[in-house]
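One chain, subunit A, links the two complexes that follow: it is found with subunit B in the first and with subunit C in the second.
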Partner chain A sequence: MQSNAALEYDYTVAKLFTYTAILFGIIGMTVGTLIAAQLAFPELNYLIGEYGTFSRLRPLHTDVVIYGFMLSGIWATFYYVGQRVLKVSMAESKFLMFLGKFHFGLYFVGALAVVVSLLLGITQSKEYAEFEWPFDIVIVVIWVTWGLSIFGLIGIRREKSLYISLWYYIAAFLGVAMLYLFNNMAVPTYFASGGIGSILHSVSMYSGTNDALVQWWFGHNAVAFVFTVAIIAQIYYFLPKESGQAIYSYKLSLLSFWGLMFVYLWAGSHHLVWSTVPDWMQTMGTVFSVVLILPSWGSAINMLLTMKGEWNQLTENPLIKLMVLASTFYMLSTIEGPIQSIKSVNAIAHFTDWIPGHVHDGVLGWVGFMTMAALFHMAPRMFKKEIYSKKLIDIQFWVQTTGIVLYFTSMWIAGITQGMMWRAVDEYGNLMYSFIDTVAVLHPYYTIRAVAGLLYLVGFFIFAYNMVRTMTSAKKITEEPANRTPMAA
Partner chain B sequence: MDIKGLQVYATFFMTIFLVVMLYGYIVYLYRSEKKGVKDYEKYGKIALDDEIDSTPIEKNPKLDNEDKGAK
Partner chain C sequence: MFHWLEKNPFFFAVGVFLVIAFAGLIEILPNFAEASRPVVGLKPYTVLELAGKEVYKKDNCIACHSQLIRPFKSETDRYGQYSLSGEYAYDRPFLWGSKRTGPDLHRVGNYRSTDWHENHMWDPKSVVPQSIMPAYKHMFTNLADIDTAYAEALTVKKVFNTPYDAPNGTKLGTLDEGRAGALEEAKAIAADMKNQEVKDAVAAGKIPEIVALIAYLNRLK
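Let's turn to the complex of A and B:
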């Protein structure tokens, strides 16, 4: 290791992932808004032949926002936060610098290949795990590279203790690594059959109910370890740093962390309540989901208490506003999820629009706001320029908040209406409504959802514009700000 | 006992076990802080004082050995 005289943190890799977070955010959310509009106005399915249909675009939307926008945000923040809390610069190790750049390069190429493959309809038809086996192999290499970067950086650290955020980054790495491998165990049919069919095609090693169990063990933990754990990693660093307040209770963070790790892994079977999986497993999914409220709210309350005595910052600093709202939406979605997992509630909620409503108050409110706040916090430190416009952040905040509220309220109403109509029977026990009756009733809510998506997308474009102007034409800063992010009015 | 009965017992004991573990851990954390074995809250400062030349809250002992070796 070199002498640390005049040594600085190296944000090369963090910057690269910041660019892709913005790029994939725009692509993923634009496609999301389009498919929301397609559900309200089906003629929009036929704009560009087979490539523009809902069935092609839906996996593109989910995978690009999860593995494009969110993962880029997670990695941008890791390559920023990791150095700072370990007090070591990537510039101190040529190997780690190479790993970081290799990580980004392979990820970018892999992500583009995945986008093309999904557009072409190449899929193994597992939700959030659509990628066929050759892409899976590339994804495993990308993931292992990230792991090497994490543990490599830890290996040369000056700070002995690992800060809370790092526990969560490590958990995100380990959790996804284990689950992704298990869920994607597949047999490439071309090789197994001695050269018949497409080389890209494969069949899962699991079948029937077992396949469903493994899929939702993975599926729910993709939510756990990407949407939740890695975003908690961000808020544990960025909220204290931006507000200048140390985390309210380190002990509570320890408790929440181990609680979350132990419980979250076993909640996935709540996706299969009222299905053909064993009843005890459904019950286990419900029990663990309800217990999950404790560690989830433990972290969220820790965040809100960190602001104790400093609530004036909520009105003065738009980044604090974004993060506090993110934390509030985290509380909302982590109480809503357990409620939906209760068997009697699930009987109405399952397969309805309430489910995407629930997902989106989590991802738009919690993940989206937290990621954007983190990137805004990092930008002046990485590019040595103040944020281009505070006013634009305020506008973005209100446009997107309106979008989120419209999204989840319309989906609550649509979902419960749908659930009740599907179950309604007349005095003789016959179903009262056909499927198309529900579609006709839900149409206005689908339109509201599309408008809500559009508002969030407009807000994201405002965010992207503000970030690009910050990088290119904002006022330079000479000294790195200690806490509050500098921004022009 | 049929599977339904087993499920009831398993759910009950699992819940008790989880609650005992959780509260046990809380007691352990507070007790070790009270006895002065460990000051957990000081680690919260890692996020605030995170300049590359800031003094670490706890210095990595491995680096000390490397520094000595270099001298």
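Let's turn to the complex of A and C:
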């Protein structure tokens, strides 16, 4: 069934999502840097009245980065990778082309609406599931559209076997669909009460401990399926493509994929250790979190071994450097998480800055670097231009890596310091510190973290500049590069 | 088997779904009925308290404050009795939070008063000089949404059988009764406050967000 004629892939939709990945990355990370600075310098809370406090902006940061930057990146890569591994062009189907554009259009409008709603404080106050029910319905339509795109493209495929990346895209689609639907089950109060009050308001179907369980089953695994599964989909395609090396082991891919699928969902309850959730559930969360090291490291090791004998590429190709560092941060993050889930460690770590520290070595190092590497790899092939500047990628790499290291080290120290101070007692067994003592002591670490965030943001601006110059003014290329992405010095 | 699955996307997707859905079934469902039972004596939130809970959600207090006291001596010494599952039976959604940039609030009603909250929300540094919490002055002028809070109470009463209007319980009644009850409660709180604009508003039958929020915070015990 393989067609011999070279296919002309259509990147219209992939390009659109590339633009929004850059746009939302800038917005989300700018807000992130601002709220990091607010913790060190509280005067910064009053820049835009009631809309600019830390508490109001924090969901804006998390949601714009997760659902803006990351999802755009995931969808840009999907609309690029999907066609290539299935050996069909979007241009072959008017329906799929329409679906892709509809997907993007609704997503962009929905994203802007959500940003406004969060600023106004219209929220369910469930982390990463803040959106009220009318927005949820739009999000479901967007998600289903993506599902139709995936299976529509698969339906007209020439390559019969699904490549590993597609396994992960399919899993991301199914996993998030299930989690999001169940966690957002709510009754709109306007209709249930016969037309009283705000039409936007709803009340959760679950209460108290149950709500907590469903929320963290969602919260942990929405993270799992967006930050991990869909990013692994990318590295399985882009690392072999960029390096010209075949994946080290198919069997290891199998083990990692099915292992990850089975184990990941159990680990959600590690967010509820020492809570009012039954002990056995907490223990399951801990046990499975530790087991999770196997499939996580399985993928990461598979990636690193793919580079076996080709490590010289690390010095020559900055995209390989980005991806290898991404895998390494994935390993760091997936060993750190299980450690934090162990009950005795969790007693210190929970509620402290060690948790955002952990999240950020994962998202800045793993997700951010992988997404940017993928977009750099795609740009010359989509826009038929070489990358504007290799040197800028190198600068960006070091600025951002410095930022990440400062970020997680300062948050490790802050978290453990605070956790230990909360429980410190004097010789008579009385608490040694009032709560505010444990806040004041964090000032230097919050300052370092704000600087770290700023470094990463500066790196992102360098990335955005490089991408825009690539699209607009770099040298044209006539033939598609086989592997290594062409870039000007 | 795996090679076959990779050529049959439908069965592949079904397989993936079963494998990921499995954990939820086993881990979440068994405890559902038991975990939602209230502790003895727990009353549903009044309309004003619910309106305050909405303010708590709107300004996203969970970004920095937890409502979950863990069973350690260091926590019970600091915050009081550790939290019990049944205390959250009427919390939709739960508001445990995941980060303590500020202290836990699950029993803040035991050791903070109306005037403390008033000073603190107007200018946190006036009561805690080293505080990094922002001031929430807009709560003194924005009005609480009492009707939506009433709609929420009526919804949970109808849909989830939350025991409003039970003997010795929280009264809900009609919309007008709900509004009147909230205003009466608000007047009692405003009497302990010093901000003249807030006092005037309540006297004129309007309820600023801060009054509702304090009603909610005082209820957390």
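Convention: the second predicted complex is superposed on the first by the 482 of 489 C-alpha atoms of A that agree within 3 Å, B and C clash if a C-alpha of one lies under 4 Å from a C-alpha of the other, contacts with A are read in each partner's own complex, and residues count from 1 in each chain.
The rule is simple: a contact is a pair of C-beta atoms (placed from the backbone, for glycine too) under 8 Å apart; a residue touches a chain by one contact, two chains touch by 3 or more.
Computed from a prediction, not measured in an experiment: that's the story for all the values here.
Engineer: Determine, for the superposed arrangement built on subunit A, whether subunit B and subunit C clash or fit.
Structural biologist: Overlaying the two complexes on subunit A (C-alpha atoms) leaves subunit C and subunit B fitting together cleanly.
Engineer: Counting residues of subunit A in contact, which comes out ahead: subunit B or subunit C?
Structural biologist: C
Engineer: Could you tell me if A:158 is touching subunit B, subunit C, both of them or neither one (first, second, both, neither)?
Structural biologist: So A:158 only meets subunit B here.
Engineer: Quick one: classify A:478 as touching subunit B (first), subunit C (second), both or neither.
Structural biologist: In the superposition, A:478 contacts neither subunit B nor subunit C.
Engineer: Would you check which partner chain A:55 touches, where first means subunit B only, second means subunit C only, and both and neither mean what they say?
Structural biologist: second
Engineer: Output check: A:258 vs subunit B and subunit C. Expected answer is one of first, second, both, neither. What do you get?
Structural biologist: Both partners.
Engineer: With the two structures laid over each other on chain A, which partner does A:294 touch: subunit B (first), subunit C (second), both, or neither?
Structural biologist: Only subunit B; A:294 stays clear of subunit C.
Engineer: A:315 contacts which: subunit B (first), subunit C (second), both, neither?
Structural biologist: Touch partners of A:315: none, neither subunit B nor subunit C.
Engineer: Could you say whether A:204 touches subunit B, subunit C, both of them, or neither, answering first, second, both or neither?
Structural biologist: The second partner, subunit C, only.
Engineer: Would you check which partner chain A:249 touches, where first means subunit B only, second means subunit C only, and both and neither mean what they say?
Structural biologist: It touches subunit B, and subunit C stays clear.
Engineer: Look at the superposition and give the distance in whole angstrom between the closest pair of CA atoms, one from subunit B and one from subunit C.
Structural biologist: Nearest C-alpha pair, subunit B versus subunit C: 7 Å apart.
Engineer: Show which residues of subunit A both subunit B and subunit C reach, each in its own complex.
Structural biologist: 160-161, 254, 258
Engineer: Tell me, which parts of subunit B touch subunit A in their complex?
Structural biologist: Contact set of subunit B toward subunit A: 3, 7, 10-11, 14-15, 18, 22, 25-26, 29-30, 33, 40-41, 43-48, 50-54, 56-61, 63, 66.
Engineer: For subunit A, which residues are in contact with subunit B within the complex?
Structural biologist: Counting only subunit A, the residues touching subunit B are 1, 4, 7-9, 83-85, 87-89, 157-161, 163-165, 236-237, 240-241, 244, 246-247, 249-251, 254-255, 258-259, 263, 279-280, 283, 287, 291, 294, 483.
Engineer: In their complex, what parts of subunit C are in touch with subunit A?
Structural biologist: Checking each residue of subunit C against subunit A gives 2-3, 6-7, 9, 12-13, 16-17, 19-24, 27-28, 31-32, 35-36, 54, 56-64, 66, 68, 70-72, 74-75, 77-78, 83-103, 128, 130-136, 138, 142, 145, 147-152, 154-156, 158-160, 175.
Engineer: Can you list the subunit A residues touching subunit C in their complex?
Structural biologist: Residues in contact with subunit C: 38-39, 42, 45-46, 49-50, 53-56, 58-59, 121-127, 151, 154, 160-162, 167, 170-171, 174-175, 178, 182, 187, 189-190, 192-193, 196-198, 201, 203-215, 217, 254, 258, 261-262, 264-266, 268-269, 271, 274-278, 281, 284, 288, 347, 350-353, 355-356, 422-425, 430-431, 435-436, 439-440.
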